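Some structures are shown below for you to check.
Each of the next two complexes has subunit A plus one other chain: subunit B in the first, subunit C in the second.
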Partner chain A sequence: MAITLFAVITINFIVFNMMPADPVSTILDPNLPFEAQQLLRKEFGLDQPLHIRYVLYVKNLLSGELGVSFWSKKPVIDEIMERLPNTILLTGTAALTSMFIGISLGIFASSKRGSKFDIAAIGSGLFAYGVPTFFIGLLLLLVFAYLIPIFPTAGTISRPPPTEFFAHILDVLWHLTLPLLTITIAAFGGWALYTRNLLLDVLTEDYIVTARAKGLSERTILFKHGFRNILPPLITIMALSIPGIFTGSLITEVIFSWHGVGRFLFEGVMRVDYPVMQGCFYIIAILVLLSNFFADILYSLVDPRIRR
Partner chain B sequence: MTTKKAKHRQYGAFFRRAKDFLTVYKNSKLGMAGAIMLSLFIFFAIAAPLLTPYEPIKDTYLADSVAMPLWMTMVPEYKNAPRTTEIKFNANYWTIDESSLNSNYFEVIQKNDRLIVQFSKVNVMKENETHELMMVVNFNYPYDPPSTFNIKFELETTIIGEADYTVELFLRTPSGINYNLWNIEGINQGNASIKAVIDSRDIPLKMRLGLNPLSNLAKNTFSEKGEYELIFRISSGQLDNSDECRLDFGKINLKILGEVHGLLGTDHVGSDIFSQLLFGTRISLLIGILAALLAISIGLLVGLIAGYYGSFVDETLMRIVDILLSIPGLALLMVLVTFLGKNIWNIVLLLGLLGWMGFARASRSQVLSLKERTFVEASRALGASNKRIIFRQILPNVMPLVFATLVLSIPVAILTESALSFLGLGDPRISSWGRILYNAYSFGGFSKLAWWWILPPGLAITILSLSFVFIGHALDELLNPRLRKR
Partner chain C sequence: MNKVINAMILAILLCSSSFLTTLCYSYSQDIGQWESNGPRVDEIFFSIILSPDPQKIALKTGEVQMMPDLIRPIDIEELAEDPNIKLFMTPGLHMFYLCFNMRREPFDDPDFRKAVAYILEKEEITRTIFKGYVSPLDTFVPPAQGEWYNPDVPTYPFDLDKANEILDGAEYILDPDTGKRVDPKTGEPLRDLIFFTPTYEVAPTSAEIGRLICERANEVGLPFVHTPMDFPVMIRKTGDERDFDMYVLAWGLGRFPTHLYTLFHSKFDIPGAQNMPGIRDKELDTILERLWYGIEKDEVKEAAHEAQEMLSELVPYVPIYSRFHIYAFSTDWNGIVNMPGFGAGHYNNGWTWLNLHHKDRPFGGTFKRVLSEKLDTLNPLVSTSAYEQDVMSPIFSGLLTVNPETMDDMPWIAKDWEIKEWEYEEGEIGSIVTYHLLESITWQDGKPFTSEDIKFCIEYIRDNQIPLYVQSWDNLVKVETPDEYTVSIYLNSTGYWYLYTYAGMTILPKHIWEGVEDYRNFRPWEEPHPEVEGLTKLIGTGPFIFKEYIPGEYARVVWNPLFFRNHPDHPLPATEITEAEQELTSYLIPIIAIPILGIAFWLLYKKKLSTRK
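So, the complex of A and B:
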């Protein structure tokens, strides 16, 4: 993980400090007066050679020193921290619901091969390959926010936010519905197909035949002998799909004007606000790393061979 | 001679194998469905310029912004929705209103379709009298009130003498209401060239007509169906025999922007959405195929090297793959596209450079198992070089995987490109499906419920991607039989 973190910082360094013609332009606001630029240049160590700047850069990113936004003139880290909970809320709930629905569908599909469930699982899996997430979002937006206006078209919370605690929670959930649905619809099919295929493989194993011969119920066989054994590969796939989940939530945040890090990155790109772009990209990469780390822990929990 | 024969035999074998392959492929329903859908898209991509008369981006204001498709007129509510009406009023369309005061002092000439009004010296002139000429042209407007119209003409004046002239333009509705759309007073001695553009959205014009600045002038003026009249009134101050004048109106053009247009209506700048959709097919296919080719080539190279050489090389390459796989691709793409510039070649390059990791892994594990096979061992024992083993023994056996993965990588590239374009990071000079959706999202397609603007590009992306997914799955089942269903 530490290596990957350094790799992420290095990629950041390469992209933001070596790519453009003048690296200064990515850190310094071009509208500042010349003297101020010179001062800041010194402060950021931009007059130093590349390797020293790299060390400084690593130190800055590790300590959360992400610069100041050209647009709002506020520290980028503060702006990101304000938006981070929203992103975690959306991405987390979306990942959980899509996995829950998808895996359940996959289990039912594999227990009833060739049934409607099975066809639905295969169909939704292929569908997930072909339909762009943003198109699902746009359709939901068109139908449930414009055509039948029962959900908000934009935002994370009403303005002004409700003061009462439960009303506040309900309001957030009301805003969350469409973005959450978008990512769930886009992602559950993949899970259904993976689970189905993995389970079908496992269900032909000898120990399943043995279990059947012992007269165990199909339910026990499916969950205790079948599902239990596909958990490790399922978690591997989960870890691999994490960047994809964040990509999906990025574009969903943009569509529904969700006040999160993904939309902030988009705004940074639109306004050519380099510190914001850099900070958001860094934070999203860190989120992916952390999720991967949790997936690793989960893996060791479900696979007894790894447990010490 | 023998080599030629051998070659012949080789080609024969190739054709026989291709034929066998096609026979088996035809049995796959999914594969055939994908192939049929794909060939349709390829047809659209090639025939795009033949299927539509419009340029997708350059032709603007073919109709009003966000016009409905033409077939919406089948709905009774929109039966008489305004169609784009463009009339060039040639000089010979105009007639002189005989009732206008002393009109016979003026002479109307037609020259190369230009309408020229002259004060003729030949006419006998009463001194110290004002004069007036009215010219009228008729046109029919049979539709509902439009939202926008404009009138353009160029007026060149040459005046000799002391008198001032006034030129006014009126629109007279079938029920006889006059709208003074344009006037210019005090044209006097000398030459002048006036470029007149009358736009119904012009706020000073609305104010002058006594309308609310927020009201719609076009809806007011064209609220009736029937014969409209456009009237020029030219009046002069006191004239005498030494006065001369020449008013050259040039070509006079009226355009009423329709609210229905073509198969899929228009976007926010009045461009034809159907032609954008057609030309978008080219972009999606081009970017998808090129980016997938690049990604698969890099992935194959890395997979072959890592799998065959193993040890340290393998470790390093796979570590890089792991790291790149754990980076959210779209976020990096967004940042890189802003740095490198929004054009399709950059996008192809970036999609290729960021999309090879999955296949590198798959091909590596394939190479790892192939490396241990007896035929590789045999050729190594015979003293074959590494290069020969890789290209002659291992590569041909990885090819089935290459083909299937290549086809399955195309939809990934297509979806990513459309996502980028949807975020407004696509090439601004070309029309791609993602960009149509970006326009619909950013410029009022949703608030106007313009589903014909939103659904077609989204469905096109979906169906094109699915056709590649179907073909890819069919190929995978055929070429990699170990994955075949039990």
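So, the complex of A and C:
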């Protein structure tokens, strides 16, 4: 794991510093003198040779520092921590709701193959999977913020927010509703289709026929024999979606002005803010490694054959 | 009056594009009623809403009362039809242009560049791509720069016959076999001429303009190849590497034509500097030096006009269009000043924020406006973002201001000013800029504002070599304060523009900033004021006091009762400004309603299933 991490750190540095742009070139101002541009490059530390910048970067990472953003002059870790609660609230909740709805739909659809419910589940799943997230977001805004104005258009809190604790919690939930619905609608389809396909494969296996011959109830067959067997591949996908909870959902964050990590990362790339890009991708790399590690542990818990 | 203005706007929007353009200019002459005392509102919220569709919904539902800088024709048309919204339109300080690389053949040939200038369908571009919400531009200084703009320069209206005639005359003969024109120097067909634009995803209009120009160029036998590319790559190729044939891009400009010097003087034809076309013309350099270093207004104005004429002959760029600034306000609010060049809600137009008031009451109330980006910093010494300026500009006051009707200089913190020459070394001439200050000004914490604050501020940015203020310290010799209300700045260079370099500078309070050693990491808006409760260290002398910034959500400024131009009729607030809180029902109803509806549907479904059984 340590070798992988070191490779990621090095590739992070090389890729971003090879990008054909520098942070100062993103300031388009005809009255910004050449001398000022040079001073800004110096201030950003870009006047140093690449190898010195690399040593500094590795040294900082090893001492737990992700660097300071060129633009906000704030430590990258502080910037991330400022947004992380919002991001986890939105994408974490959305991941749970979309998984719950999608997997439930997939299970029931596979158990009633060919029924109206199955057709409706596949249809809605395919539709939701195919429709772009921005379209879903804008549609929800149009309906629930404009035509029937019961939800706010932007932000995580009212402007100004209520001062009482209980009212504040409700206020956040009120603002969360539309972005949460957007991501849930966009994501449940994938889960539903995937679960249904996996279960349909499993339900044709010999041991299911045996279970039916033994007179087990359909519910037991479905959950104890069918669903249990599709857990390893489901866990893989769930584990791989954990880094996505950290990186947020850029499009939804932009549409609903949700102050999250996704947009921060996007802005970092657009502004060629090396510390932000390097810091975020470093954390993502760690999360991917940890997710895979936990997925391996979970496999062994749900599938005794792996333990052997 | 409002109905009349709305009717005028609607009429304008319904007109055809060329006619519309003319009307928009005449409309912008009516800047609205204004006075130099204020502010009238108690507080302003800068509500962060990132994308235009939610911004529009927030404006229409009354969540906010102002949407800034409309660009998309669809938004303009939709909002113009809304009787509760009024649009304010004014020509902007902006130039979209086509740039040639004059270091390369055939762009080193002025005839070739002139021929290309004739194939640009500016009217067509403004009509079809922008639906008339931009204005075709023929000069290197947009009309919004007022007296600095020279309308009497050679122009290049769309004329393919003329382009063909010039190319034929310069011996770029059309080869009937290849359909391409022949390079007169080699006798071979011209090589492919690469035309850079940003991609359709990043800047659809720029990419489309590039495609249109290439199509017309191909019609006259010029092998232009439209090459959309990633924006940072394009900036590097054009700015640092100078590895391009031609490209289109835009500049946002200031109030004065100083950009002519930084964009076209041969000393800036070095990688990273902004003479992208690589124009090197001694005669032009002389004129531009008069423009930059001249000390009398008439002298620099004459130089600006001459430079525009010469640039129109040399054609290093072909100016294409200049955009309008369009702001949408709720009709419930009056006192909006539609300042030429900047527009009704721009941070350089403080008049709107002084005069703004609800139609039913002359004073008080809360105004909420959209801010299209979050804020990274509210430290005036490091901020480069226009959105941060939106929040900071009402907090600070400049030494001078601009009359929004005449665009002339107007006294503000400085009641009088002068610029004169001095001999800083034997035979070397520099300039002295002197400002005489008003005596009644205080900082927002009640401390008196004096010339010592200005001296400290200029010396602080010099000692720290602050990049964004390099023009303020690069040629600085010394700052003197003969008395508490007079400051003289001695420079080892001349230039009429120094008056504005310091007049527009953000002046920082000495008693707050003198202890700041690392200005880069100083976050004045997050640190409480050492003496006055409720204030932060982000204080100025402006009409509004900074109150709070909730990252990613909103910023808030409140009325400064100590402002030196407070409105005499504005009553002092009896208590703290009350914060309007959401009524609990507004979010309880939808939050509770959705799960209840879900449960109801589920029960109905179950009931249906059991009935079937």
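Keep this in mind: the second predicted complex is superposed on the first by the 189 of 308 C-alpha atoms of A that agree within 3 Å, B and C clash if a C-alpha of one lies under 4 Å from a C-alpha of the other, contacts with A are read in each partner's own complex, and residues count from 1 in each chain.
Note that in this section a contact is a pair of C-beta atoms (placed from the backbone, for glycine too) under 8 Å apart; a residue touches a chain by one contact, two chains touch by 3 or more.
Everything numeric here is computed off the predicted structure, so don't read it as measured data.
Of the two partner chains placed around the shared chain by superposition, subunit B and subunit C are both touched by A:Tyr146. Touch criterion met: A:Asp171 reaches subunit C, while subunit B stays clear of it.
After overlaying the two complexes on the shared chain, residue contacts for A:Arg83 are found with subunit C alone; subunit B is out of touch.
By the touch criterion defined above, A:Gln38 lies against subunit C but remains apart from subunit B after alignment on the C-alpha atoms of chain A. Residue contacts after overlaying the shared chain place A:Phe281 against subunit B, while subunit C stays out of touching range.
Applying the stated contact rule after C-alpha superposition, one finds that A:Thr156 touches subunit C and leaves subunit B untouched.
When subunit B and subunit C are set side by side, the one touching more residues of subunit A is C. Of the two partner chains, subunit C is the only one that A:Lys73 touches; subunit B does not reach it.
Once the two complexes are laid over each other on the shared chain, residue contacts for A:Val254 go to subunit B and to subunit C alike. On subunit A, the surface touched by subunit B in one complex and the surface touched by subunit C in the other have residues 19-20, 138, 141-142, 145-146, 153, 254-255, 272 in common. Residues of subunit C that touch subunit A in their complex: 45, 47-51, 53-54, 57-58, 60-61, 63, 230, 232-233, 235-237, 239-240, 249, 251-254, 258-259, 262-263, 268, 270, 272-274, 368, 374, 376-377, 379, 382, 384, 465, 467-468, 470-471, 474, 520-521, 523, 550-554, 556, 579-582, 584, 586-591, 593-594. By the touch criterion stated above, subunit A contacts subunit C in their complex at residues 19-22, 25-40, 43, 69, 71-74, 82-83, 86, 138, 141-142, 144-146, 149-163, 167, 170-171, 173-174, 177, 254-259, 263, 272. Put simply, subunit A touches subunit B in their complex at residues 3-4, 7-8, 11, 15, 19-20, 126-127, 129-135, 138-139, 141-142, 145-147, 153, 200, 204, 240, 242-243, 246-247, 250-251, 254-255, 262, 265-266, 269-270, 272, 277-278, 280-281, 284-285, 288-289, 292. Of all the residues in subunit B, the ones that touch subunit A in their complex are 319, 322-323, 325-332, 334-336, 338-340, 411, 415, 418-419, 422-425, 437, 440-441, 446-447, 449, 451, 454-455, 458, 461-463, 465-466, 469-470, 473, 486.
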